Structures are given as C-alpha cells and as structure tokens.
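Next come two complexes, and both contain chain A; in the first it sits with chain B, in the second with chain C.
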Partner chain A sequence: MIEILRVIYSSSLLQMRQSFARATFRFVIVIQPIIFAFMTYMMYRGSGRENYLAYVVLGTGILSLWSAITFSSAGDIERERFMGTLEIITATPSNFQLIIFGKVIGNTILGLMSMVITFVFVAIAYQVQLTIEHPVIFISSLLVSLLSFMGISMLMATFFTLSRNARALMNVLEYPVFILCGVLFPIDILPLWTRPLSYILSPTWAVKILRESVLGIENTNLFMINVLILLAITGIYFIIASISFRKIDKQTRIKATLGVH
Partner chain B sequence: METIIQVENLMRVYDSTIGIIKRKKIKVNALNGISFEVKRGEIFGLLGPNGAGKTTTIKILTTLLAPTSGNAKVLGYKAFGDEKKLRPRINFIFGGERSLYWRLSGRDNLLYFADLYKVDKETRKKRIPELLQLVGLTDRADEKVESYSKGMKQRLQIARGLINDPEVIFLDEPTIGLDPVGARDLRKMITMLSDLGKTIMLTTHYMYEADELCDRIAIIDNGNIVALDTPQNLKKLAKGLAVLELKILGIDKMKVDEIKAVPGIATVTIKQEDQVQILQIQCEDPSFMTQKVMDILSENEVIGVNIREATLEDIYLKLVGGKL
Partner chain C sequence: MIALNYIESFFRQSILSFKALFGWLDPKIYLLIKVINPVFQLLFFVLLAKYVYNAEDVTPWVIGNAFLLCTSNAIFGVGNVLANERNFGTLKIVVASPANKFLVFVGRAFMHIFDAMITVMIGLLTGMLVFGVSFSGVNIPLFILTIMVSMFAASGLGLLIGSLGLRIRDMNLVMNTAAMGLLALSGANFPISQLPAFLGIVSYGIPLTRSIQAARLIVDNGNSQLIYKLISQEFIIGIIYILAGYLLLRIMELNARKTATLDIY
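Let's turn to the complex of A and B:
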C-alpha cells in the first residue's frame, strides 16, 4: 500500500514540477483565469442578474480548472512520448494507471490553484464579497466535481497513450465543453440535438450543483438527483478508464505507439 | 553456464502507411525469425547498420514491444506475457539525450525512478549517492538535467538504469553522439558493470566498440543474423582478404557497378570524406586487382592508392553489404 501511495505521490509531485516549469502552463494556470474572469465579467455585467459575480467566479473557475486538466493530461502523454520517458515509465514495475492517476492529481491541484486565483482576482478587482449559500455543500460538490474531472482526465489519458495523433483531439476538447456543459450559458439555449452530448459530459452536472450550492438550492430532491447523476457518470468514466488501461499495456506494445522512432 | 536471454525465431512486423491522399497500408519486416542465447555474465553485442532490427530486438526483450511471432525470454520469463515478474529484474539504457526529465535535477530523476521501481527507502538512501558517485555526477546532482552536457545525460541514464540493481542490463547504442573521451568513459563503465556480474546486451554500429566490449557479437542485417561468434572468431573470417583503398574525386554508380562485376572482388564500399570518395575493395590479390580497377577508373582522378590487411570492420562491411 505504501508503495502504491508513493508512486501516486511522487508522480503528482513530478507532474506539478514539470508543468510549472513550462511557461505555457504557467500562463494557463495564472494569466488565463484572469483573462477569463475579465471577459465573463464584461459579459455578465449588463445581464441584469442578481449575484452575477457568482456566475463570473464559478464560470471562470470551472473554465480554468477544465483547461488545466485537459491541456495537461492530454499534452503530457504526448510530451512524455517525445521525451522518451513514456516508454521508460511503462516498463517499470509500477502500474501505469497509478502513475497517470498521480499525474492527474497533480494537474487537478494546479487547476484548483487557478480557481483560487479567479476568486481572489474577482474579489480584489471588483471589490465584492462573495457569499456562498451552503459552504459545506459547496465544498462537497467541489470535491465530487474534481473527482469527476479526474475521471475524464484518466479516460482521455488512455486515448492519448494509444494514439499518436491525439494532439489534435486535445485542442478540440477544450472549447466545446465550455459551451456544451453550460459553464457560462444555460444549455437550454443550445439546439436540442446537442442535449445528449451535454448530458453525458460530467461538467454539465458539476456546474449545476456548484452553482446551486453557491446561489442557493431551490429543490433539494432535484439537487440530490443531480449529485447522483454526476456520481454515476463519474463512476462510468472510471470503469471505462480502468478497462482501457488494462488493455493498453498490451495494445501499445502490439501497435508500437509508445515511442517516436 | 545459465542461459539468461533466449530468443527463438523472433519476428516483428510493423504496420505502416505510404502516400498522403491515397494511403496504402504496408507491412515492414523488422525481424525475420532471429535466434540466439545469452549466458549469465556475458556482454553480448548486436551489431548492425541503421534499420537492421537492433532496437526492435532490445525493445521486445525489455517488454516495450510485442513480438509478432517466436519466443523471447529473459531470466526464464516471457518478455510479452510475464512482464510483471520480469520488469523489476531488468533495466535498459537508450542512447541519446532523451528518456530523462530535463526540467528536474539529476537526483530528482533518480528519486522518481526509485519510487517507480519500488526501491525501499533505506536502500534508496544508500544507492542514489552511490550511483551518482559511480557516474561522476555527485557535484552536479542538484542541477537541472537540461543544463547537463550530452555525456552527463548519458551517464545519468546509466545511473537510472541501475536504480533497481538489475540482473540484466540492455543498452541501445549507448555511446551514440558522445565525444571520444565520453564514449571511452562509458565503455569503461560497461566493463565495470560486467565485472559486477551483470549480464549485458548492447547494440551498436561501431565495430571497434563491439570488439572492445563484447564476449560475443551477433551481426544483424535486414532483420536477420548474418554472423554470430566471438570477436576473435569473427576476425578469422578476414583471413586471406585484403583491402584495396582508393581516394577518388567524383565516381559514379556505373563505375562502381563495373568494379563490382570484376571476378575476384568480394565487396566494394564507398565512404564520403569531405569532397573525396574512398573506395574500399575487398579482394584476395590486391596487387593484381589494382591495375584492373585503375583501368576502369582511367577517366577519374585517383588521388591515392593504399593496400592493407582486412580488419573486423571490413568483415562487418562484407556481411552487411557496405551499408554502414
């Protein structure tokens, strides 16, 4: 057990050190949230909504978290492949799934940093005091949401390990999720055919429960249902990721996709 | 002596595509059913030109690649199938500067891999300083790898490859890109590892390196083993052969083909050195052959002629058809 925890701990630490050493990632973590916050503030200012700053903070926070997780989890596999370390880490006695899980935790922690930067920026720049209606529920919702984002990250990591053309996919994934999951606008305004896509993406449910726990829960039953849906989708992500990880050890060696030679 | 590596009829086929718009799937045979064995404590060399199948062989044996057919066993375990049991007991070092985390320090790289190889805390505490000492990086251990020279990165790779105290070490072109001093130091290190009782398998395309280090050498070309013996026995293949070396300015393929067709000539290879081409002709009677070759080259500018005895490198060139 200690060995497993060590692998996860040292992989997440390595991930954070590696990521933070890159200027692009520092931009994604520190500068981008501020730009997002400014843009969403300008958009929401004239919306006439009460407590619109909560929308700004939450929307931007989730945007930043998502960016950090997708950008890093996807790009890192590719980077490791080009550095030649992907082959090395897969050939160690440690479970590759645990190594990636550690890396995803590292990314999530950095993503959270991004969220905090957004909170601080909005609070200082717009001189507002942000109120959270249900702090305990908010923290619990945040934890469930983070778990869900980690599930997506693990799932994506399996695709990126198997495919050498995954880099394109990484760039495609970031923006549509903002729209499809209702991070800034309600999904009700989107065409009906996009709805199934929104529903299978866990950020849609994460946004709902986070927003309600900040602004106030109108219907407890509905809130609980949303939490359960989020947990179920997250569970499915982890199950598919785990099955995929078991398969990729063999598949990558048959397809010879671990290195670039 | 105990057999540590056992390879039987090993084949590997890669799927690839050609063309951009009309993509066509093709199969590339990297290994065509090679067989060999390596005994405990041996330094075994795989020698061959680029694309011969050396790296593919190493990757299969280090559990990084699946064979298409045939058997590959290390320490009695199948490289594809028993990897869980095999991985803790082997390690590998690839040539070049990759396979390290450049933005971390040398020490942090070793610490991370110690965790991945499940080296316990006590052992790690003792082993990492020892390894840093062994590869001469103690003073620079806390600097980022990106600031290291090529030779230092190679040495750090050696330390990483020894982090789990492996019984079998695989080295893929370990001295590639190193300056002569760096390459010599690395060869010393390999000899020292062998003295510690490690079984070592290395690939190289430097003949002298294989000659200096290896107990036995397999020469591999186009996915086939074309010779397998001790360096001493391989050298015996050169007996009776001599090399006629000509320095020429501008020789075309037709002339080379004409020379190749002369009866009594074993092989013809061309090396380019600056603007001069060096034609190496292996034959039994170079004095007799000189006139014949000079006749063919009557329209070319020949700026030097030399006759020498054949070396191990010439044997290698003969076996792999001058594709060095």
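Let's turn to the complex of A and C:
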C-alpha cells in the first residue's frame, strides 16, 4: 500500500513541477480563468438574470478545471512520447496506471488552484460575495466532482496513448464539453437529441450538484439521486479506463509502436 | 523583370510557408483545427449569448464570433512562423539571404488571410444552418471586403507577435493570451461600452473590433459612410501592426547579429 502511495505521490509531484514549468499550462491555470470570468461576468451583468454569480463563478471555475485536466492529461502521454520516456515509464516495475493516476492527481490539484483563482478574481475585481447555501455539502460535492474528473482524465489518457493526434484532439474536446455539460448555461436550451450525450458526461452531473449546493437544494431526494448517478458514471469511467490500460499494454507489446510518432 | 522575380518569390514563399505550417499531409488535423473546433467555439459563445440575453435573433453574435475564429490562422498560424523557422533550423538562412526581408516577412501571413476567410465563412455558415441567421439582402461584396480587411489586420497582429518569437521562448503563452484578449475585448460577445475606460481604448487599438462593427452594420443596412470609415480604419490598423512587427523584427535581428544569439533559445 505504502509502495502504491509512494508511486502516486512522486508521480503527481513531478507532474506538478513539470506542468508549472510550461508557460502554456500557466496560461491555462492563471490567465484563461481570469479572462473567462471577466467575459462571462460582463455578459451576465447586463442580462438581468438572477443568481448569475453561481453561473459566472462556478461555471468559469469548472471550465478552468476541465481545461487544466484535458490539456494536461491528454498532452502528457504525447509529451512523454516526445521526450522518449513513454517506453521507460511503461516498462518500469511500478504500475503504469498508477503513474498516470499520479499525473492526473497533479493536474487536478493545479486545476483546483485555477478554480480558486477564479473565485478570488471575481470577489476582488467586482466586489461581490458569493454565498454558499450549504458549505459542507458543497465541499463534499466538490470532492465527488474532482474524483469524477479524475476518472474522465484516466479514460482520456488511455485514448490518447494510442492516438498520435492527441494535441489536435484535446483542443477539439473543450467546447463540446462546455456546451453539452451546461457549464455556463443550462442544457435545457439545447435540442433534445443532445440530452443522452450530456447525461453520459460526468461534468453535467457535477455542475448540477455543485450549483444546487451553492444556490440551495430544492429536493433532497433528487439531489442524492444526482450524486449517485455521478458516482456510478465515475465508476464506469474508471472500469473502462482500467480495461483500456490492460488492452494498451497488450497491444503495445504485440505491435511495438508505443514510442513511434 | 526584377519586380516579376520579387512577385514570384513572394508567392512561392507564402505558399511554402503555409504548407509547412499546417501539415497538409494530414487532412485530419486540418479538419479538426480548422473546421470542427471553430464550429464548436462559435456554437458555445452564440448559445451562451442566446441564453444570457434571452435573444431570438443571434445574428450579431454569430457575426462577432465568426470573425473571432480567425485566431487559429492569424494568431496561432502567423504568430508562430518565426519561432518555427528557428526550430527547423532555417532562421539563420532566411536572415542571411539577400532576399527582401519585408516581402519574406509579409509573405508569411499572406496565405493565412485567405485561409482565415474560409474559417470565418464556415462560422457564418454554421450560424445560418444552426441558428437560422439570414444574409439575404446583404451587400455581399462589401461584406466579403470587410472579412478580408479584418483578416489582414488580424494577421498584422500575428506578424507583430511572430517577431516576438525571436525573443520569447514559449510562444504559446503569448499567442493564447492574444487570442483570449481578442475574444474578450473585440466586442463580439458584449458591448464595448460596458468595458472600463482604459480597456475601451485597448479595444479600439486591436484588430477585429471595427470590422465586427462594420459587418453588423452591413447586415442591418446601416450607415454606409460609417461602414467605409470603419473598414478603412481597420485597414490602417493592419498596416500599423505590420510595420511595427517588421520594425521589431529588424531590431531583434540587429541585436541578434551583435550578440550572435539568433539561434539560441
């Protein structure tokens, strides 16, 4: 157990150090959330919509978290491949899945920083206070959401291990998720046929429970059902990711194309 | 004869530089970056505006956000050419060659103006198909001229950023910030009048702000004098950025010659 934790700890620490050394990542963590918060605030301010702060602060926070995770988790494999270290971390006696999980944890912690930056920026720049109706439930919801984002990152990491077009693919992944998951506007405004796509993406549920815990829970039963759905989807993500990792391991041994780019 | 040689070399270089950048050998990447991503970016911002402003007619936001799609060419394409040149190891050859540096410099942006226009058209088409935006009765030649001038001005900004590429190690930070700056300050998603005073000034100092206004006026059959004024001002902004970029390039080049640091990064 200690051995497992040590692998995860070292991998996430290295990941955070490496990530923060990259200017692009600093942009995603620091500058992007501020500009997005500024834009959405300017748009919502004149809209006359009530409770818009929950959309601005939470929405841009989740948006930044998602960007940090996709940009890093998707690009990490390609970066390792580019550095020539992908074969080494795959072949090392430590489990490859654990190393990637450590990286994902590192990205999530940095993504969380980005969320905090958004909160602080809106609070200071616009002198507004965001009241959280249920602080304890909010923190619990945030933890569940983070777990879910980690699940989705693990899943993406497996997809991108095999794809040599990871960089282009990760750029394309941002906006569809922002649209389908109702991060800055409710999914009710989307056509009905998009609903199944929204529902299989865990950020949709994460956004729902986080927003409710900030604005106030109307129906406790419904809230709990949403949490359970989020947990179930997250579980499925982890299971598929684990199966994919095993498949990748087998495939790369047969084809010997892991480091080819 | 010499002039012809210049023109031929200009076009040859423009096309070569463009081909090298986007990796035409892989159409999949081109499709992802130039078609799919812009379509989703436009959908996201227009849907957001539709919800926030409770708007039935989303034409102004479709226009604004379609123009903003040019950043993949104007900022990320043009902005990276010199840094790429150094990565490929060809920068010193370009600098040392007797070719007209200004033409070489501007040539790097030339194809992007037209390619960016295609992306803007894709954005407008998405607006027509998804949100039912109509361009019937619009002065199409004037509208296309507006797009062309705005792409020219945005590529001018790209060239200025590109010159910084000789000095700055990680261009992604600069290019991303510039693209986000355009997104936030060009008035595509919320009125410029809402901006704090100093940001309002910045807004009128960057490309796209005026052309987005002009394009919206064209669709609304607005004051034609104002439209021409905005387009001319946009053109001048483009020229200023190109000249500033070229000047910066020469200064950087001069410094690099003195300190022999052209290829060091």
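By our rule, the second predicted complex is superposed on the first by the 259 of 261 C-alpha atoms of A that agree within 3 Å, B and C clash if a C-alpha of one lies under 4 Å from a C-alpha of the other, contacts with A are read in each partner's own complex, and residues count from 1 in each chain.
We adopt the following convention: contacts are C-beta pairs under 8 Å (C-beta built on N, C-alpha and C of every residue); 3 or more make two chains touch, one makes a residue touch a chain.
Computed from a predicted structure; not experimentally measured.
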Should the pairing of chain B and chain C on chain A count as a clash or a fit in the superposition?
fit
Report for A:R253: first if it touches chain B alone, second if chain C alone, otherwise both or neither.
first
Touch check for A:R17: first (chain B), second (chain C), both, or neither?
first
Name the contact category of A:Y44: first (chain B only), second (chain C only), both, or neither.
second
Rounded in steps of 10, the angle in degrees at the Cα centre of chain A between chain B and chain C is 80
Would you sort A:P186 into first (chain B), second (chain C), both or neither based on which partner it touches?
second
Based on the superposed arrangement, let me know which partner A:P196 touches: chain B (first), chain C (second), both, or neither?
neither
Rounded to whole Å, what minimum CA distance do you find between chain B and chain C in the overlaid structures?
7
Intersected contact list for chain A, partners chain B and chain C 22
Seen from chain C, its contact residues with chain A in the complex are 26, 28-29, 32-33, 36-37, 40-41, 43-44, 47-54, 169-170, 172-173, 176-177, 180-181, 183-184, 189-191, 194-195
Would you mind writing out the residues of chain B in touch with chain A in their complex?
14-15, 55, 59, 62-66, 80, 83-84, 87-88, 92, 94, 96, 98-104, 108, 111-113, 115-118, 160, 164
The residues of chain A that touch chain C in their complex are 22-24, 26-27, 31-32, 35-36, 38-40, 42-47, 49, 165, 168-169, 171-172, 174-176, 178-179, 184-186, 189-190
Footprint of chain B on chain A - complex, ascending
3, 6-7, 10-11, 14, 17-18, 21-22, 83-85, 87-94, 99, 249-250, 253-256, 258-259, 261
